[in-house]
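Here the chain labels run A, B and C in written order, and each chain numbers its own residues starting at 1.
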Amino acid sequence: MSAALLEISDLRTEFDTDDGLSVPVDGVSFSIPEGKTVGLVGESGCGKSLTALSVMRLVPPPGRTVSGQVAFRKRDLLSLSERQMREVRGRDISMIFQEPMTSLNPVMRIGAQIIEPIVLHEGASRREARERGVEMLEKVGIPEASRRFYDYPHQMSGGMRQRAMIAMALSCGPALVIADEPTTALDVTIQAQILELLRTLQAEMGMSVLLITHDLSVVAQLADEVVVMYAGSIVERASAENLYAHPLHPYTEGLFDSLPGFHARQERLNVIRGQVPDPTHYPGGCKFRPRCSYEYEKCAERPGLLKGTDEHLAACWLVEDTERRKKPQTQRV
Amino acid sequence: MEEVVLARKPRSPLRLAMRRLKRHKTAMAGLFVLVALYLSALFADFIAPYSFDDELRGNSHAPPSKIHFVDAEGKFHLQPFVYGVSFEFDEFHERVFAEDKTKRYPIKLFVRGDEHKLLWVFPTDIHLIGVDKPARLYLMGADSRGRDLFSRILYGGRISLSVGLVGVTVSFLLGLTVGGIAGYFGGWVDSALMRMCEMIMIIPGFYLMLALRAAFPPTLPSTSVYVMIVLIMSFIGWAGLARVVRGMVLSIASKDYVTAAKAVGGKDIIIIFKHVLPNTLSYVIVSLTLSIPGYILGESALSLLGLGIQDPQASWGNLLSDAMHVTEIQFHPWMLIPGAFIFVTVMAFNFLGDGLRDAFDPRMEVGRG
Amino acid sequence: MTSYIIRRVLVAIPLLLGMTFLAFMVIQLGGGEYFAELRLNPQISRETIEQIEQQFNLDKPAVVQYFYWLKNVLKLDFGYSFSRMASVTGLIRGRVLATMLLSTSSILVTWLVAIPLGIYCAVHRYSWGDRFASFFAYIGISIPNFFLALLLLYLASVVGILPLGDMTSAKFDDLSLASKVLDIGKHLIIPTVVIATAAMAGLQRLMRGNMLEVLRAQYITTARAKGLPENRVIYVHALRNAINPMISIFGLQFSSLLGGAALTEIVCSWPGLGSLMLEAVRARDLYVVMGDLLIGGILLIGGNLLADVLLAWTDPRIRLE
């Protein structure tokens, strides 16, 4: 395994709400190796975006990261001063967001937004930065880049905007790019293009990618390793191959099963019964228990990440009690 | 940002709003103040020591009575008292008042005074507080004719406070109807009505008010004056409300549940009343509350300029007209007090309106009409 | 852009016509005894009065009178003031300048204070400074203009350093140019403060609200994720977006300032359009009232148009359509 570029240990982020303390990031631990793509998968509301924001220390108030460690090249990001953190942002770690229309400043030209980090982090002159910016736009596949440099976001199509975002994120050659649902807001055909672009750029520039998504097919195309998140906690970690071949956690199983047409054509869609728990009131014991068809008495105690094999971990007692892993009759809804 | 999925029991929006309102301290304070003011207006003749036209020219511009607990010999009395006052003229021909400390006049509760009808029905002559004659209790000083300002302020409240409610109601009915019709029927009806509204709204409010005033004869009997003021203020106000209502109707009329109602064959008018109007309700309530101050200020302005309520009737506006002579209020600054009442009332309505808006929906964009 | 402006002007004209027509009719309803004073004067014969009536077409039906008035207005003749025996055009000209002066100084003060204050309050939300400013904003919005004016005049009379009302002192004509400017400036202070207070309060709250909303936007997170210093995030990224809707407010404020300023003008004895209107209404001076309304309407429309043009010009999303 390559050296870990980013190691997250026991990250915990809280929010004060009217209904009590909400803990959307509840003891998250995983790592991102150099030069690889890690997919962070989970349903909406499970805390994936907040995990990314916690790493970047951009959690909006009233949220705050209260404990844990985020070791980037052995430096704990959570202990840095704000000024030091600002040097990391955009230069060492950058971020791509889901909705390019709202993630780009509507009253500033694209070019101006792209060169900002270059001028800031590398002290380049505006002319140098402009050349680099146009280069980046070409690299992400935007035609007539030198003209488009002066466009406003609303003058571009969705796909082009997302490419521009990617250009902006990569402009300083960061070691890690966090892509938060980069294709969710795009048409299916454009999705494929963007994913392909990300793959090419990664191969060329050698950075690590943390790909956050709820879409398993997206993960399948890009990720080397996959981390599955549920209700604020990591429930499974494995290489992409292993995960898809034999998922260990019932939630992951359920995710695969609920993909239409994953098996042969079926009469009814499979859903995971129940609902995601409220981050202010997590159930005791295993968080997935209320929805799990395999659950038994041991589940009253919350499992940590247990080793299935050396490379494949899951937070489920079934990892130890493998004989209980037969499919019960009442599973299908 | 991800959304947090919550599983909750749905509550009626109205009850939710009321609960939120109760938590809003400034709004509740405003509500409390308003209730106190309106009650005082209702019971003005009882609370006021004197009738509004009870003159005593000798006491012209008497200062507020000093209330004492300790008398000239240093003795403490539980019941507060005032002294009789006498005056003489100084070199500016202004009266200078001095206390005559020989006789104490305790402030009594439930005294007999000018006759009046409580709540316009029950004849009585009992007042909440007062002092024995010949002393006068001038809690806030006297005006140029020696009339007690405090009493006149209480009576004035009747006019100033009611004008807001009445005017707003008239504007509301007019604006809601016109706006509802325009928005619902669309087409040339909509265009014609909106052009008319725009024509009215082009004129700066104050100018419009003065121009409308010019449409009436210069002097009118006092009840007619009140009606005239209400008419003028409502006329200014309804156009804006009509436009807003029309906008809301348009957006709601295109919503699915109206299409559904139509698809089932509902009649137009019924649709308007059952589906469209109730949804504009929360907006309208907030908008109205926040526009009442405008009516109060309008009436005050007209009366201040001598174009509204005339003497001897009192409104807070015309009470202030005395204070317009700057050189004079140096000597009797208490004539400014009615303005403070207007100020407090306006502020209370603003607090309440903001509280209501936050209670219904903090993102509501409501202007001050 | 030019075609846009022309279109707006063309739309405004029938509006103004309609408004003036309505106003004319409404005022006629009140009956116009324009010559009560003249009639009482024994030196002026009945024939003379009838002659004047004919000259001004006052014997004809109201609708006809309107068109005579309109015809003259197009020749820039606003009529004749009966109470002052002067041309209305001349009267209005002088007053317009005074009102514009007051409006301009009020807007300047308002914006120069409210914008920075609003930004500060948004960035330091819930701090003491923010709460303080909100409190004063509340008072500013709620306090009636005329009351504040009277209070300030009272205080000024007690303290004695500021003049009490009017635009110029008695010795104005004898002063040097510099002193003249200073003199008008001193007289401007109280009315400007009164008008600016109310306008400032609303504007500051609006600015604060806009900034807060913009600061919640996704692109602000993007900007921070690039490692930009917070100053740049606020004053370059956020401010540019927050200010956009304020531009149209600028124009609208200008228009509404005219209405709100009138009462303050009257209380402070500032010789502007507002005071003129009041005197005209009291004297039932028909043509002055009409002229004043027309100018008021034009200024209002002009303000709105200015607002829309400014908005279109500054927002690239609209400009590039």
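As a working rule, a contact is a pair of C-beta atoms (placed from the backbone, for glycine too) under 8 Å apart; a residue touches a chain by one contact, two chains touch by 3 or more.
These numbers were taken from a predicted model, which means no experiment stands behind them.
With chains reduced to the mean position of their C-alpha atoms, the one farthest from chain B is A.
Inter-chain contacts peak for the pair B-C, counting C-beta pairs in contact.
If you average the Cα atoms of chain B and of chain C, the two centres end up 25 Å apart. Note: centroid distance chain A to chain B, computed from Cα atoms, is 58 Å. Contact with two or more other chains is made by residues 60 of chain A. Looking at the complex, you find that chain A touches chain C at residues 53, 56, 58, 60, 86-91, 94-95, 97, 99, 102-108, 116-117, 120-121, 152, 154-155, 165, 168. Remark: chain C residues 15-16, 18-19, 22-23, 26-27, 29-31, 138-139, 141-144, 146-147, 150-151, 153-154, 157-158, 164-165, 255-256, 258-260, 262-263, 266-267, 274, 277-278, 281-282, 284, 289, 292-293, 296-297, 299-301 touch chain B in the complex. In the complex of the two chains, the chain B residues touching chain C come out as 195, 198-200, 202-207, 210-218, 293, 297, 300-301, 304-305, 307, 320, 323-324, 326-327, 329-330, 333, 336, 339-340, 342-343, 346-347, 350-351, 368.
Taken in their complex, chain C has these residues touching chain A: 216-219, 221-229, 237, 240-241, 244, 315-317, 320.
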